[in-house]
């Protein structure tokens, strides 16, 4: 687009920073149960990562008064892409704030913070501390044996607007849920998997969930079994099951603040230059669960509020479309 | 009990004979999709078995006008136990019919047929044709890779009566679902697994499901994936999931006539002489699914009618208790 | 046999007591790495069990000067069977010693110790402390997720003699390795699995290995991965692999004293009264590894010495047959 | 390098074309046993792909007089990259041949064939027919459930030369095997996995193996079980096992002509811009098998000859280094 600054070269979704209200309870859930590796810890902040992650963290938990998303973060290809991010979002009329190493999230160097056109707090950075290689430290694998962060799923009232924004940022689209009139959801990627970010239609901006990758489906079953054993099965919200979209095997959990995490495994390669978007009909009951199991209502309705650059909760806009209403319509024809 | 004939020495639940209304559709489901091995086949009858079964069949499908259970069958320790079965059920005042080799189910020798005190058609036999060993024929394993029949689950209005009858037959009890007033379900065994037969409370006599054993949980996931791929996901009724009771990993499927089959794996050894019954509270949400996932209503309500010795459908009696009503009560306290 | 006392009714192989030279190192291996549950512990003795075991232990490790087998133990059906064991082995001219509760292995009640005709120290007992049910304590499953002891494998110079002794004790035979002249190995059972005891031909009496059952093959892979991660891969002697005999998936490990343990999963049901012995040709390269992988020489040659009732090492007799020599013969025709 | 044409932008390793001497036997192995999907077939050629591959093929088998590699093929980012490939290899003084759509391999459009500086026949193409999406066709998954081609492994006498050539082509290096004097092997990638191509030291140019990706480790075990069941276990050369390098779970098979294929699963993401090379010591016994299992001699010594552009076998040069000799050195210190 003539005159518009070029977009930063995003490599991948890399971490999220969540506000939690009771750090001890959160530590129980994310470390003791799920088994994430503690890379850094203070009385206010926990930096966690999966065993395949080679940088400082995939998840930052920060103590705060209200459970919320502080920001999602994308790693970019080089230091110059942080500058590009600043110019790009400034040109879009969005607030931008440069955060120097040491002033922001532990381990992260020079970063650009913005609230994107969809209302989400987003960080772009290149510089980050490297971390010890744990890929083969099977002696440390516990819980869900999480390898790395795989994706963000965000709730937005206007799916086409989200699609356009991320397309402009250079993301490809692997899959959608559609009918002849509407796009209900979309999955978009930079790294060569099904997605780095996906959009769920609903009142937004809100964070729907973080997707954490594990290597094999038995590890997804194992974390559900552990939660049953601890009589903490109420933390299991949906699944385990097979997604239609992405083909991944999954379970959705809720942390002590209600933040949702998906344990996710076995999607597919999307790196070819002409990779085509696969379009699901909203009337195909297999799109959300390939086995046709119904989606839990809370999964469609509940999500995490997001903060602006000053730490205030961003108000949400309602959505005109409702995929869950389509699902329950008579004869699969929707409402 | 003084004067009462001794019970036959039951070895295990070994096969069921189902009436199906369209044998071609049934063949598609049980052979093409689930992958059971065809041991014998005529235009009216299919004899099927799992790969670890060393006798003629685990399942007989017989063409008929009404989908129903023709009979369940227990293998006994020796030929004399067939006589004992005849005397035992005759002494109970139940109808008995001796079926000679060649007159009954293909492959089965001398057998005793009865309608037991619970109203179910049951066969006891020792003599049966041996079959080729397929345990290591991995080249033939398909679908759910079913190894053998594991158990019958029957719907009865009076759980204590079923418990008493099978206790008298020499079965042990591995697990129950109870509260301070009622027994809602029980799992009883002769072979050294959690069960050969289990009782679900409801209008009966009806057959709730056949349990078919497979070796590993990924095989349970695979059959669900296959059904999704065939757009036959409506055959998946409940699961996959982990049972609280039995600890097995499971999925429940419905065949083209609505007969229910459970693909079941990984329960535990019960062979010690003092093996204790494990008692679940009906208020523990993990009893039916260890992950707390809700049980589908149809799973509690729908079941297969059973036939008497003359092939007529046995009328059902309603049950005074309803576990599913307990489940949905406020605060888990039931209704 | 006229005049001979009847054999005790053996339920299953239930535990082994090993002498270890460094209890701390043994604890590292069996508890920290393999993940067995510590049921009781003193400065001299560790009592360990798998998660599915409902009695006091599957393995007792006792500090001593020489790494050896103190005894293998079989649980019998009732208290009277301990008396029967005493009479039975006394009638065979074998040394017998009655050990009262509190005088022997922790948790075990009245027991009979003998050195059997094959030269092995064997205990028979009925009374044993029950233990907390851990079957569903997935939060405690670690390492190889061992469920229970599955079997003993013993080295004997005379396989037919071992076969006869255990046949007389009421064991069935599930599989053998043979040629037209010799029986090279046999697998024998009381519980409804492939075996409670197996015989490997060689200088004996020695203990070849303890078989510990886990539920799924990925758990076998996981313990090998853990040992690699700890740079303790020298504890992996053979496998993982698929057995021809038994069809189980396995890995053989050596503990710090060289005691061998097999992590073993997925054999098959043998409970039918007419279960037939499956006979492997010693010339079938799949018998020991179904994938045709060569057996490590140490696996055939090394084993644990056994103690007599006074704690002295029993001298071994050489074997006239050598299955490993057959294996390496030209064209699979043996020597 | 000043004046040198820029390298083509390689997307990934995408297919190999092998000459086979008996197409029916090859079809048995690759289609009936391994389960690859037949995309196109004539009396002389078979085009096969995995279920996740969305282009025409991952493997082409062509009938010919001598078992050999016809060429390996890389997909490039756009049509212009085929021109770049032509200029690039011509500038290196290598033979180049432009092959028009319809004149070369079925399904492939405009392509550049060369013999690279390492002596290997290599094709670069962008245009290829798309194929039906089979990712979720679980009903068609058979054998090893191969998803896609993952990598080529080539035997070269001069590892640093191979490393330099592929570095110049824009490949990153994920792992190596080294000592203070030599590089014994290297793994290099364009797509975001551990490799698209790896180098094994030895007499070359020869093809060591094709790596085919599957999703989970149980699928690797399953193909070994199938080969055992078919008494075709001689096609299993090495493994199953866990690699130190790449961390993948693997098995190596040999097809009827001796061409080697690796079934490979679960490596890791390498897409970050500063992804560091992980360097294994040649003295670490876990580098080739993380469990310390010895590598079969044939795996180091045997490989597939390669053809030049006229279909003649390229003569091999001996290698000055021999990793297998290091492995068997006393005290792991090599020779």
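Which chain is which? They are A, B, C and D, in the order written, and residues in each are numbered from 1.
Note that contacts are C-beta pairs under 8 Å (C-beta built on N, C-alpha and C of every residue); 3 or more make two chains touch, one makes a residue touch a chain.
Every value quoted in this text rests on a predicted model; they were computed, and no experiment measured them.
Chemist: Repeat of B-D among A-B, A-C or A-D, where over half of the residue-numbered contact pairs coincide, is which pair?
Modeler: A-C
Chemist: If you take the mean of the Cα atoms for each chain, which one ends up farthest from chain D?
Modeler: Relative to chain D, the chain with the farthest C-alpha centre is B.
Chemist: List the centre-to-centre spacing of chain B and chain C in whole Å, with centres computed as mean CA coordinates.
Modeler: Taking the average C-alpha coordinate of chain B and of chain C, the gap between them is 34 Å.
Chemist: Report the inter-centroid distance (CA atoms only) between chain A and chain C in whole Å.
Modeler: That gives a centre separation of 50 Å.
Chemist: Counting only Cα atoms for the centres, state how far chain C is from chain D in Å.
Modeler: Roughly 44 Å separates the two chain centres.
Chemist: If a residue has to touch 2 or more other chains to count, which residues of chain A qualify?
Modeler: Residue numbers touching two or more other chains: 136, 216-218, 225, 228, 244, 290.
Chemist: Provide the residue numbers of chain C that touch chain B in the complex, in ascending order.
Modeler: Residues of chain C touching chain B: 11-12, 52, 54-55, 75, 77-78, 126, 130, 133, 135-136, 147-148, 191-192, 215-217, 244, 247, 266, 268-269, 271-276, 278, 290.
Chemist: For the complex, give me every residue of chain D touching chain C.
Modeler: So the residues of chain D in touch with chain C come to 217-218, 221, 224-225, 227-228, 231, 233-234, 236, 240-242, 244, 249, 285-286, 290-293.
Chemist: Write out the stretch or stretches of chain D touching chain B in their complex.
Modeler: Touch residues, chain D against chain B: 136-140, 216, 218, 222, 225-226, 228-230.
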